[in-house]
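Across the two complexes that follow, chain A remains constant while its partner is chain B and subsequently chain C.
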Partner chain A sequence: MAIKVKIVERPVDEVSYIRSTMKGMALTFKHIFKEKVTTQYPEEKAPISPRWRGTHRMLTTETGKAKCVACGLCPTVCPANCIKLVPGEDEQGNRYPLVFEIDEFRCIFCGYCQEVCPEEAIHVGRHYENSEYSRAGFVYDLERLTSQTHPVCEMWDPEDPKGE
Partner chain B sequence: MAETKMVSLTIEGRAVSVPEGTTILEAAKQVGVLIPHYCYHPGLPVAGVCRMCLVEVEKAPKLAPSCATTVADGQVVHVHSDKSLDARKGVLEMLLINHPLDCPICDQSGECELQDYTFQEGRNDSRYREPKRFNPSEDFGGDIVYVPNRCILCTRCVRFMDDVAHDTVLNVSERGDRAVIGKFEGKDLTNVWAGNVVDLCPVGALLSKDFLNKARAWELDRAASICPNCTQGCNVMIETRENQVVRMRPRPNEEVNAFFMCDYGRLNYRWMNERQRAETPLVKMNGKLVAADWDVAVPAAAKLLTGNRAHIVASPMLSNESLYLLTQLIDTSKGAGVFRVAEGEEVPLPGVEDLALRRDRAANVYGAEMLGFKKTNDVFAGAGKGDVLVVVGEDFDGLDASSISNAGDVILIGPAMPNWIAEKAAVVLPTTNFAEEEGTVTNLRGRVQRFSQAKAAPGLSRPTWLVLGDLLGAIGKQSQFFLPSDVFGKLASSREEFAGLSYDKLGFKGLPVLNAKAGAA
Partner chain C sequence: MNILALHPLLQVANPNLPPTSTGVFFIATIVKMLIVFTVYMIGVALLTLAERKVSAWIQDRHGPNRVGGKGGWLQPAADGLKNFMKEETMPAGVNKPLFVLAPIMSFIPALTTWCVIPFGAPLPTRWGRIDMVVADLPVGFLFILALGSLGVYGVVLAGWASNNKYSLLGGLRSSAQMVSYEVSMGMSTIPVLLLAGNVTLNTVINQQAWGGWNVVNLTIAFFIFMVAAFAETNRLPFDLPEAESELIAGYHTEYSAMKFSLFFIAEYANMVTASALMVTLFFGGWDVPFTSHDNIGPYSGWLTLLSVGIYLAKVMFFLFTFMWIRWTLPRFRYDQLMSLGWKFMLPLALSYIVIVAMMMLLLEIAGIHPGVFYATILGAVNVILVIVLFAVLDRGRIISPAYGRMHPEELKRLRRLASRSTLSTEASS
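Up next is the complex of A and B:
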């Protein structure tokens, strides 16, 4: 049985696509002359906040040794339990970390470790390019933590430490 | 003796009645008010030098040091009034003038009374801008290192050495802010009881070299236990980090060790972490020991025991529960039970009645003797031809293959397994060591005390009482036990000396057995 289709008559100025196309293209061509907003990553990098919390860095003293004194506060405060620390003693009888490892996969980047550190040794970094060829590469040992050079997070503005 | 007169007073609005002569500080403890203090320690004579325990007593002209003030009828004491809080805040500020800010590297951090009270009652910041006094740290000999910068001169250590250990080694040298704890010329803290000054020190000034930089106080897991290193049976806390025993500290028990323990016991914990040991049940098949399941190994051992006389070599480190199950094994097989014990010099602590590092260096010598085991030097001598030799918990120190030449089959039950005995053994049943199981031991005064599990055992090893219970079950003597308290219940019901005792009644302070020898022998 044939189906009867009701054909509604519409005015041409409402159904013509030409007008809409012209309107759309006008908007498109207008953008050619506007300022460009696309960031050309990786040649160009977007600025990140001074409080960005990325993968860790261990700061060192003038002699190149890690500032860490193995006090054990960061593994204690870490909510993700990603820091492994074994304390030891060096030749001068000073306390220092024999083993200091951070599992960056487990880390939730809360920044508590930096906040709690009494020696300002461990820092979260202003850094986000973290690819590795193996999962094991994401367990950063002391050597890796001290040799990294990326800038570190500023928990507060040094000009205005109390945020007044 | 005349009836002790009771005195009623009010502390922090709480009425309390204590015997005459009690100090305010001790009375306050009874109503649950801890008055901060440094120089006072219940095990030492009162000095009253730290001024930390100042409290306000109504109608008294000035604040009273509560450690040295005895209670009086009708006294009204305010511990947390503005006046006393202010005084203590002042004391803390003075103490912190020369105290270094090195909590991150200080071993006491986390269990430091200076930290605790400063956090509770002290100032938030320091008003002192001048450089702090500095003295290099000093080795005090023995196990102890002294860090003078952290010292608050409470003199607990000096009083312990003078009045409790009766070995005058320490003094307060210099005067005023130069004062430090010094040691007399030519003397060292080598006294066997000297290690207690580390526990007594409220700050991190006296530290144990053995524990130095090993762990932080808050990382440790603690288990109430008994020191297994001599027959005194000092109550201790076994403290572990990541399943490794890192130190033992005394647990107060007025009846046994007061607040102290000796260095021999304190430092002799490494055997609890021993890694070279039996971990899987082994059964001899075609002349070779092969790993087997518990379900195979226990019946194999039971088969060897049926119909044969058993010569049982027990260890005096075993709990009463394990020894009791062994006596059942002796009864069934008409055998004999012997043990040997390492001996050393007896070193008493003069300031505490009936406390000494005892000659017999094992936990349960008295319990083993009470349950009918005989002490001997040559433990294997009694084993006749064809006897089954059952060696339980023995450490094999100083023994070798030649000593067991005439025995028949050997069943080895225990944590230690040197190669020479493994070659002879027909069945090996690995068990946990003292720190890895639960049970009771009886000290030389006949006091039964509980110890609890401090760490997990490696491999497939099982608690000794469980293995022995299963073995007896396989022989057909009795049903299985599921808890050490069940074994103890059986022991209490079948042995007159233990009658009426149970784990609940013993608590963690212990109780003497019936007709226990009292006092100094």
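Up next is the complex of A and C:
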């Protein structure tokens, strides 16, 4: 079979080149005076969704200790395997995390850890400006996680899918 | 005030006549060279910023606005600094001398062309009248055509010396494009030279001051010249030598740092030169519109300043047009480029020469001498020609660069040929 070339019939009597070029130029000229759409980033920031999932934050109790009870659900559910948890127990028998580290480079920001947490301790944050001088800086330990202050993600609610 | 050593060189002379002593000529030329070169280079640097600004505005953005205050005025300086500090790459297998020579070859002609373009009314000084042109060559326009063709060597050499298939393709395209459009460009200026009766650019400007700007009388020549100028400067829609979607960066793929920057500067320098030429040949040069006293004198410093200002304003308008069109039109396909150049522009330019020459002959036979009436007749004929070309003939493929449809018989013949060829894709059937 020979190669079929599709040939489009052009309406020769109607098309023009010079006049359409001028039309195009008029259009681009109009755009010069139009309002600009750029967001001047460091000064002004585009609003982010209430469901935005960014770097983590650990909420604390009134006494300033992490709410985490080291149940082990979040490292279990984490699909990226980025949470490292070593549980400990105090004299009263309360469990608490001895080590709680999240490797933000491995994290895929699915938000499962927040959803699965029975104590509402670990949250993904509404935050996106992260920079460090080393890769090691992106392994957030418990101290770092509890000291974060940015707002946290409002998860998707099946009762209220549009977040109203 | 007399500097003793220079005194015999700087003879006081009539301000409205050319300077009598060689010393004045010598010093004036050096001063003019320095001023023109400085203004030109700063202008080119600012043009890179202007291009980014215009492109941004057309695309509803702000453009660079961080470096050096609100307008980003220091952006070109920052870019330059960056280019100086970047690594100079020298790929294995390049032809070293040519690789280094190529950016220079594309940069120098663009710069040199400017020395014959008059940019203002003569300035009367106590040492004599100083012409506002670096070198008032009697061959003026021919010099420009000659140097304009030299610019392509830089591009072709860059393509060849880089030892890179993309560069080579870019260089080849560039040479084909330049050859094609150089012809139309030269042809389109012949009506202008016919009217002026001389190739000196000052004569061309004076003729326009008396007989109306050439764009009014020779619109079609201007149109051809403008399109050819776009092609000659490798600007969109004719930027096939770079064609980043096909050839990475075309002829300057292998260049980095200041060598790349030189190509970049050369492109803008070419733009300035092409704009200056369009202004000089078709928009009256430094002629102040709607006045005639500015071309005979007595000249004054203010008149010089005004005419230089007017000239710069006209050039800037064309520079803006260059950018405006760049951000409006898409790139031509290669066959469209060739068919526009050879099948449309060249015949049009040639027939236009015949028409204008015929008209001038008829007017001479009729005993009408160059003047207002002469210009009016030329203008009237021009209006008719423009309407015929742009309203009646601008249909389908007559002006369109798109290649016309193939005749069905021709298509069948080609398909038959293809089916017999060993390169055919239909191996089994």
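The rule we apply is simple: the second predicted complex is superposed on the first by the 117 of 164 C-alpha atoms of A that agree within 3 Å, B and C clash if a C-alpha of one lies under 4 Å from a C-alpha of the other, contacts with A are read in each partner's own complex, and residues count from 1 in each chain.
In this section, a residue touches a chain if its C-beta (ideal position, glycine included) is under 8 Å from a C-beta of that chain, and two chains touch if they have at least 3 such contacts.
No experiment lies behind these values; they were computed from the predicted model shown.
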Problem - First, second, both or neither for A:Cys71, with chain B first and chain C second - result: first
**Prompt:** When the two structures are overlaid on chain A, which partner does A:Gly88 contact: first (chain B), second (chain C), both, or neither?
**Reply:** first
In this superposition, the partner of chain A with more touched residues, chain B or chain C, is C
Ask   = First (chain B), second (chain C), both or neither: which does A:Ile3 touch?
value = second
- request: Go through the superposed model and pick first if A:Glu119 touches only chain B, second if only chain C, both, or neither.
  value: first
Thinking of the overlay built on chain A, is A:Ala80 touched by chain B (first), by chain C (second), by both, or by neither? neither
Taking the superposition on A as described, I'd like to know which of chain B and chain C A:Ile18 touches: first, second, both or neither. second
* To do: Scan A:Thr28 for contacts with chain B and chain C and give back first, second, both or neither.
  => second
The chain C residues in contact with chain A across the complex are 54, 57-62, 324-325, 327-329, 390, 394-397, 399-402, 405-406, 411, 415, 418-419, 424-426, 429
The residues of chain A that touch chain C in their complex are 1-3, 5, 7, 9-10, 12-19, 21, 24-25, 27-29, 31-38, 40
Within their complex, chain A touches chain B through residues 69-73, 76, 87-89, 94-95, 118-119
Chain B residues touching chain A in their complex are 103-105, 109, 212-216, 218-219
